[in-house]
Amino acid sequence: METNLILEGIKFMFLGMGTVFVFLVVMIACMNIMSSIINRYFPEPQLNEDVTTSNSQANNKKIIAAITAAITYHREG
Amino acid sequence: METNLILEGIKFMFLGMGTVFVFLVVMIACMNIMSSIINRYFPEPQLNEDVTTSNSQANNKKIIAAITAAITYHREG
Amino acid sequence: METNLILEGIKFMFLGMGTVFVFLVVMIACMNIMSSIINRYFPEPQLNEDVTTSNSQANNKKIIAAITAAITYHREG
Amino acid sequence: MKNILIKFFALMMLFAFAFTVNAAASEHAVESTKASTHQVETYKSQPMGDMVISFLKSTGIVALVHPRANEMSATGKPMSNFSKGLGRIIMILVTFLLFWLAIAKGFEPLLLLPIAFGGLLANIPIAGIGGPHGFLGVIYQAGLSNELFPIIIFMGVGAMTDFGPLLSNPKTALLGGAAQFGIFGTLVGAMVLAQMGLVDFTLKQASAISIIGGADGPTSIFIATKLAPELLGAIAVASYSYMAMVPIIQPPIMRALTTDAERRIKMTTLRHVSRLEKLIFPLLVLGLAILVLPESTPLIGAFMFGNFLKESGVVERLNDTLQNSLINITTIFLGLGVGSKLAADQFLVPETLFIMVLGIIAFAVGTAAGVLMAKLMNLFPGHKVNPLIGSAGVSAVPMAARVSNKVGMEYDRTNMLLMHAMGPNVAGVIGSAVAAGVLISMFQH
Amino acid sequence: MKNILIKFFALMMLFAFAFTVNAAASEHAVESTKASTHQVETYKSQPMGDMVISFLKSTGIVALVHPRANEMSATGKPMSNFSKGLGRIIMILVTFLLFWLAIAKGFEPLLLLPIAFGGLLANIPIAGIGGPHGFLGVIYQAGLSNELFPIIIFMGVGAMTDFGPLLSNPKTALLGGAAQFGIFGTLVGAMVLAQMGLVDFTLKQASAISIIGGADGPTSIFIATKLAPELLGAIAVASYSYMAMVPIIQPPIMRALTTDAERRIKMTTLRHVSRLEKLIFPLLVLGLAILVLPESTPLIGAFMFGNFLKESGVVERLNDTLQNSLINITTIFLGLGVGSKLAADQFLVPETLFIMVLGIIAFAVGTAAGVLMAKLMNLFPGHKVNPLIGSAGVSAVPMAARVSNKVGMEYDRTNMLLMHAMGPNVAGVIGSAVAAGVLISMFQH
Amino acid sequence: MKNILIKFFALMMLFAFAFTVNAAASEHAVESTKASTHQVETYKSQPMGDMVISFLKSTGIVALVHPRANEMSATGKPMSNFSKGLGRIIMILVTFLLFWLAIAKGFEPLLLLPIAFGGLLANIPIAGIGGPHGFLGVIYQAGLSNELFPIIIFMGVGAMTDFGPLLSNPKTALLGGAAQFGIFGTLVGAMVLAQMGLVDFTLKQASAISIIGGADGPTSIFIATKLAPELLGAIAVASYSYMAMVPIIQPPIMRALTTDAERRIKMTTLRHVSRLEKLIFPLLVLGLAILVLPESTPLIGAFMFGNFLKESGVVERLNDTLQNSLINITTIFLGLGVGSKLAADQFLVPETLFIMVLGIIAFAVGTAAGVLMAKLMNLFPGHKVNPLIGSAGVSAVPMAARVSNKVGMEYDRTNMLLMHAMGPNVAGVIGSAVAAGVLISMFQH
C-alpha cells in the first residue's frame, strides 16, 4: 500500500484520456471514410418515407375516409 | 464403440417413423371422432362474431359518433 | 409435540386479530390526520384534469380537428 | 433467386476456406478439436426387438398401468404405485375439471388456467416436467421457492388498486379487519381437527391453510411457499377456486345475517380524495407496517411499491409495464409453477380434502365476521354503514365488492354500494398482509 | 431554480447531520464501517512505460495476432492458437454474412440477427462475453442450459398457431408425418458418414443434427441443448438459415416429383371448424402424447399450453403477452445465448461443415417425402390431395405453406392452396416434436 | 347458480372418490403419504403473556430503538447499533427526500423512484428484504451481481439512440471525448484526498466513483458492481441525481467559460444521413472497440446490439420490445436491486459524502472540459463549433443536449442547437464506455 496514489491516478488519467481520444479520432476517421464510400457507391434511393405503417397514420386515414364518406352522404342528403 | 452405427441409424429410423405415423394416425382418428361428436351433440350456435371488443372498432364507433354529432350540429347551425 | 394445539390456535387468534385491529385503527387515525392536514394546508388546486396526455383524448382532438376542418371546407365549398 | 444461390455458394466457399485454414492451423492443436467429439457415449446398442419392447415400455400407457419401480417424485422421494398410476389419471381429470370451471364458468381463469395446465403437465409419467430438470421445476425454483413471483404479482396488483374509496371513508377499513377472523377462526378449527386426531396438520401447515381465508391469491401463495410448500398446490387451488365462487358463497350468508332494513341503508356520498392523499397513503401504510409488524413488509412493501409508482404520476411507463406485461408474464409462470405442485403424490392426500373444507369455512367465517362488524359499527353514533359491504372485507378484489353491490341492488335498485364496498375490499388486502405477517413472525423465533 | 439549489443544500445538510450522528455513534462500532473499505487491493503499481506496454498488449489487435497462451475457451478448456486468432476473425466475417442474409435477404431476421450478434460478441478476444462471467454466458446458463427458452418460445408459437385448417382436413396430418423422414433419413446418412470414417459423430450428436430436418427452430435448439450442446451453434444456424431458404430449396424438388396434372389438382373447400373443436384439440394431442410418448410432452405440452390459452378465449391478456412481449423478450435472449455457441473454437470445426451439408439434405429429403406421401395418398379413394402441399409438412411455419401456395398458383392462378397447406404445416410441428421425443427416449435408458 | 352448486358437489365427490381409491391403494405405501406431514416442527409453545411480549419485541419500533444484538447486515456481517437504529431512520428520511426530488422536481423519476423505494425497503429492521432471502436480495443476485441488468438497459438505450446527428458531423465526437476528463480528473482528485488521509478509498473504489463523471447510469452501475459493489448505492444515487440536476449544474459553467460571441455561433445545417450509414455505424464502433479495447465491448456491444436491431429495420417487434417492455421491466428490477444497497450500514458511511462531493465535481469538470474542447477546436480552420454544445459531451442523454439548446436560445432565439448537441451527447456515451473499458482493463492483470 505504499504506492503513490496520486501518481497512479495521473497515470490512469493519461492512459484513459489517451485511449478515449485515440478511439474517437480513429472512429471519426472511419466514419468519414464510411460516409464517403456509402454516398459515392451506395447512394440512398430517394424513397418516399411516408409509407410507414404507423398507427397514427392508419388512424388518420380512417378518420379522413370516414369524414369524406359522411360529408358525401350529407351533401347528397 | 464397436456398434454398427448404420444399423443403429436404420433401427432409429424405423422406430421413429413408426412412432410418428402411429401417433398421427391415432390423432387423425381421434380428431374425426371428436369432430363428429361435437358437431352432433354440441353444435356451435350461429353467434354474431362482430361483437368483439377490438380497439379499432371502438375507435370507429367514436369516430362515427363524433361525425354524426358534428354533422347534426352543422345541419342545425 | 404434547402442546395443546387448540390452545395454541386460540392464542394465535387473539394475537392475530389484535394486531390486525390495532394496525387498522392506527391506520384509520393516521388517515384522518393526514387528510385533515392535506385538505387544510395543501388543498388541491382545482386544476383542469382534462389536460392528461391520454391517447384517447389526443385521438378525440384529432378527430374534432379533422371534422372542424372538413366542415369548414364543406361550408365554404 | 439465382442471385441468392450464388451467395449461398459464396457462403459454402467461405466455410471451405475456413476449414482449409483450420486444417493447416490445427496440426498444432489437434487435441482441442478432437476433445469435443470423443465424448462418452451413453447409448447402448440393442436388437430391434428389444428396442421396440423397451420403447413400448416407455410409453405413457404402460407407465400408468405398470408404474416403474424406480420412478421418483419431483422432490426426489419414492412414491406409492397409486401416485404413479391411478392417482395421475385422477389428477388429470381434476385439471380437466379446473379447465371447465375456468373456461365455461369463468372461475378466475387468469390463474386457474395456468395452474391447471401446470398440474396436467406435472402428472405426466416419465417426463418429469415438474422435477428438478423439467421446465416446471425450473420455473418453480426460479421464482416460487424464493417467493419472488407472488411478490411481483402484488406489485402489479398494487399498481391496479385505487385507494380512493378507502381514503374517502377510512372507518370502513375495520370491516376489512374483521374479515380476517376467517383466517384465525379457521386456524382454531384446524387445530380442533388435529387435536381430535382426524388430521395430522402441524401448526405451520394449519397457518398456511388458514390464510386461504384472506382471499388474496398472492398472499396465500407467499405464505404457503414459506410455511408449507408441500401443501402449495391445494392451497392455491382452494384459494383461487373459492375467490371465484364468492358470488355463490357470500350472498346466502349476507342475507341470513342482515335485516331487510339494514340491507336498504343508503350510505353518504364519498368525498373527493386529493392526489396528494393517494400519493402519501401507500407510504403511510408501509410506515405503519414497519413500526408495527416488519414481517408483513415484504407483502405490504411490494403492494405499496406498485401503488406508489402509479400514484406518483411521473413513471407512467413503469406503471403500465407493472399492470400489463410484467404481471402477465409473472402470472403465466406463477400459474405453471404452482401447478407443478398438483402432482398426484402431493395433491391426492387426505390433507387436500381438509384444505378444501377448511378453505370454504374460512371464506364463510370471514364473510360473516365482516357483516357482523358492520352491524356492530352501526351501534355506535355516526353515519350508518350498510352491512352488505362488510362481506367485501374478505378481499377477493373486486369480486366481493361487486357482490355487495349486486345484493344491495336486489333490495333497492337505486342503492349503488360498489364504491362504498371498495373501501373494505382493499382494506382486506392490507388486513390479510398484516395477518400473514403475524403468522410469519410466530415461526421466526 | 434558486429553489432547487436551496433544497440541494438541504440535502447536503441532511447528509452532514447524518454523518455527525454517525461519527458519535460509530465510536462503539468502528470495525464494521472500516471493514468495507480496507479490502484487499488487487492492483499493482507499474512505471508508466510498462503500463502503456501492458495496455497495448491488452488491445484486441495484439490479442488476435499474438494470442495469449493462457486464454481459455468459454467452457474453460484450452484453445488452439487458430481458435484464438484467425478463427475469430473468420467467425466475425461469418456473423457479418449472417447479418447480410438477415437484413438484405430477409432470412429469418428475428432469430438470425440476435444469433449473429451473439456470435460476434462471443468471438471478441479477452472480454470473455461468452464465458461464465460474461453476459452471454449468464444468459446461456439462465435459460438455455436448462432448455427453458426454447420451451417459452414454443408457448408463444402455440399461441400464434391456428389448428383450424388441420381440424378441417385431418388426413393432411399424414403429410406432416412423412416429412419427418427428413430427420430419420439424415440420421442414417450421418451414420453412414461416421461408419466410413469421414466424420466422428456419436449417435447422440447425429440425432441432434438430424432434427434440423424437422424445420422447427425451438425443437432443434431444445434437442441440441439436450443431446449435443457443443454443436448447438452450428445446428441453430443451419436450422434457421435453411428455414429461411425454404423458398429456394423446395420448389425444384416439388416440381421434379410432380406431374403437371397433379400440380393443378383443386382441393375441396375447408369446412368451418367450431370453437369447441379448436379448444379440445390441444388437450387431445397432449393426451395422446402422454399415452404414447411422454418424452415428447415438454415440447408438445408447451406448444399446446400456448394454443389452449389462446383458444380458451378467457385469458386474452395472457394470450397477448405470450404472443408479444414474452416471446419477443425470450427471442432476444435465446438468440444471444445461442450466438454464444458461435465461438470459433466450437464452430470452426469440421463437424460444422457436415452439419451444414446434412442439414440441407434433411430439408430436401423431408420435402420429397412430404410430396411423395401426398402422391401415395392419392392412390387411395377419397378427395384428392394436391401433392404441392406435401412439402409444407416439413413445418418452417408459415413459410413452407406459402411456398406451396406460390408454386401452385404458378400453374393455376385460381388455385389457392395456402389454407390447405397450413394443415400439414402445423402437423409437421407436432410430428417433429414426436420425433424429438423418440430421440430423447432412445438415450434415456 | 344451482347448476354451479351441483357441479361443486360433483367436484367434492370426485375428491371423495379419489380418496377412497387412495385409501385402498395406500395400504401398500403408507410411508410416502405420511412422510410429508410428520415434518419437524420449529414452533415452540409459550404462555400467552410471553407470546405477547416476544411479539412486541418483534415490532419495528422496538427493533429500531433497541436493536437486536444478533441482527446481521444483508451481507451477513455484524452491524453497529447506529446502522440498526437511527441510521435506518435517517436513511428512510433520505429515501423520502429522493421521492420528493423524483416526484415534485422531476429528477430522473424512472430510476430514482424504484431506487428510493428499494432503499426504503432495505432499511426495514428484522424483515431482511435486502438480505439473501428477501426479494431485494434475490433481485440483486439475479441481475446485478452478474451485471446483467445494466447490460439489458444499455440494449434498450441503444435501441432508443439515433446516431444520425453524430454521423452528420463526426468531429463533434471529440467533445464527447473531452468530457471524459470529468472521470479521470475526478480520479486524480480522489487519489489526492486519499493521499492526504482524508478518506480511505482504494484505487478500485476511486475508479468506480469517478465513473459518475461519465453521466451514464448503466455504465456507472456496471462499473460499480464490478469494482466496488459496497459503494453501488451511493454511486447510483449520485449518478442519477446529478444527471437530473444537469439543468442546474451546467449553465453557470457554460456561461463562465464562453464569450457572448461564442454563444451566438450558428452551426451549419446537418446533412441527411443515409440508412446504410446508420446501419453500419454500430458495427464500425463495435469493431473498433474489439481492436482497441476489448474490455469495453460488453457495454459497447450491448449498446450497439440495441442500435443495430433498430437500424436493421427488419425486426421491428424486437426493437419495440427492447424500447418498451424489456427496458421497463429491467428498470424496475434494476432500481429495486440498486436500492438494496441503500441500507444504512452501507450508505451512511463517510465515503458517501465524498462520493456525493466527488460526483458533482466530476460533472462540473466534464462540462468544463467539453466546453473548452469546443473552444480549442475553433482555433483550427473549418466550420466553427458553438462551445455551448461541448457541455452535452458528458452524456446525460438527452438532458444535457437540451440544456445546450436552452442556453443557446437565451442568447439568440433563432439558434437551434439541439440536434448539433445530440452528436457530442451520444459520443459521450461511447466515450464513457471506452473509459470504463480502460478502468476495467487496469484491474485485470
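Going by the order they are written in, the chains are A, B, C, D, E and F; count residues from 1 in each one.
Keep in mind that, in the parts below, a residue touches a chain if its C-beta (ideal position, glycine included) is under 8 Å from a C-beta of that chain, and two chains touch if they have at least 3 such contacts.
From a predicted model like this one, the values you see are computed outputs, not experimental measurements.
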Practice prompt. Chains touching chain D and chain E alike, please list them.
Written response: B, F
Worksheet, complete the sentence: The chain whose C-alpha centroid lies farthest from that of chain D is chain A
Discussion item. Let me spell it out: compute each chain's centre from its C-alpha atoms, then which one is farthest from chain E's centre?
Written reply: C
Discussion item. Could you work out how far the Cα centre of chain E sits from that of chain F, in whole Å?
Written reply: 31
Worksheet, complete the sentence: Between chain A and chain D, the Cα-mean centres are separated in Å by 44
Fill in: CA centroid of chain A to CA centroid of chain F, Å
24
Worksheet entry | Touching two or more other chains - residues of chain C | 4, 8, 15, 19, 59, 63, 67, 71, 74
Discussion item. Residues of chain E that contact two or more other chains, please.
Written reply: 41, 43, 55, 203, 289, 292-293, 324-325, 329, 438, 442
Worksheet entry | Interface residues, chain C side, partner chain D - complex | 4-6, 8-10, 12-13, 15-17, 19-28, 30-32, 34-35, 38-39, 42-44
Worksheet item: In the complex of these two chains, what residues of chain F are touching chain A?
Response: 166-167, 170-171, 173-174, 176-177, 180-181, 183-185, 187-188, 190-192, 194-195, 203, 206-207, 273-277, 280-281, 284-285, 288-289, 292-293, 427, 430-431, 434-435, 437-439, 442
Worksheet entry | Touching residues on chain E, where the partner in the complex is chain D | 73, 77-83, 86-87, 90, 93-94, 97, 101, 105, 146-148, 151, 155, 200-205, 230, 245, 248, 279, 283, 286, 289-295, 297-298, 301-302, 305, 308-309, 312-315, 317-318, 320-322, 324-326, 329, 345-346, 348-353, 356, 438, 441-445
Worksheet item: Along chain F, where are the residues that touch chain C in the complex?
Response: 41, 43, 45, 48, 51-52, 55
Worksheet entry | Interface residues, chain F side, partner chain D - complex | 1, 4-5, 7-8, 11-12, 14-19, 21-22, 25-26, 28-29, 32-39, 41-43, 54-55, 58-61, 63-64, 92, 96, 99, 102-103, 106, 109-110, 113-114, 117, 120-121, 124-127, 129, 133-135, 138-139, 324-325, 328-329, 331-332, 336
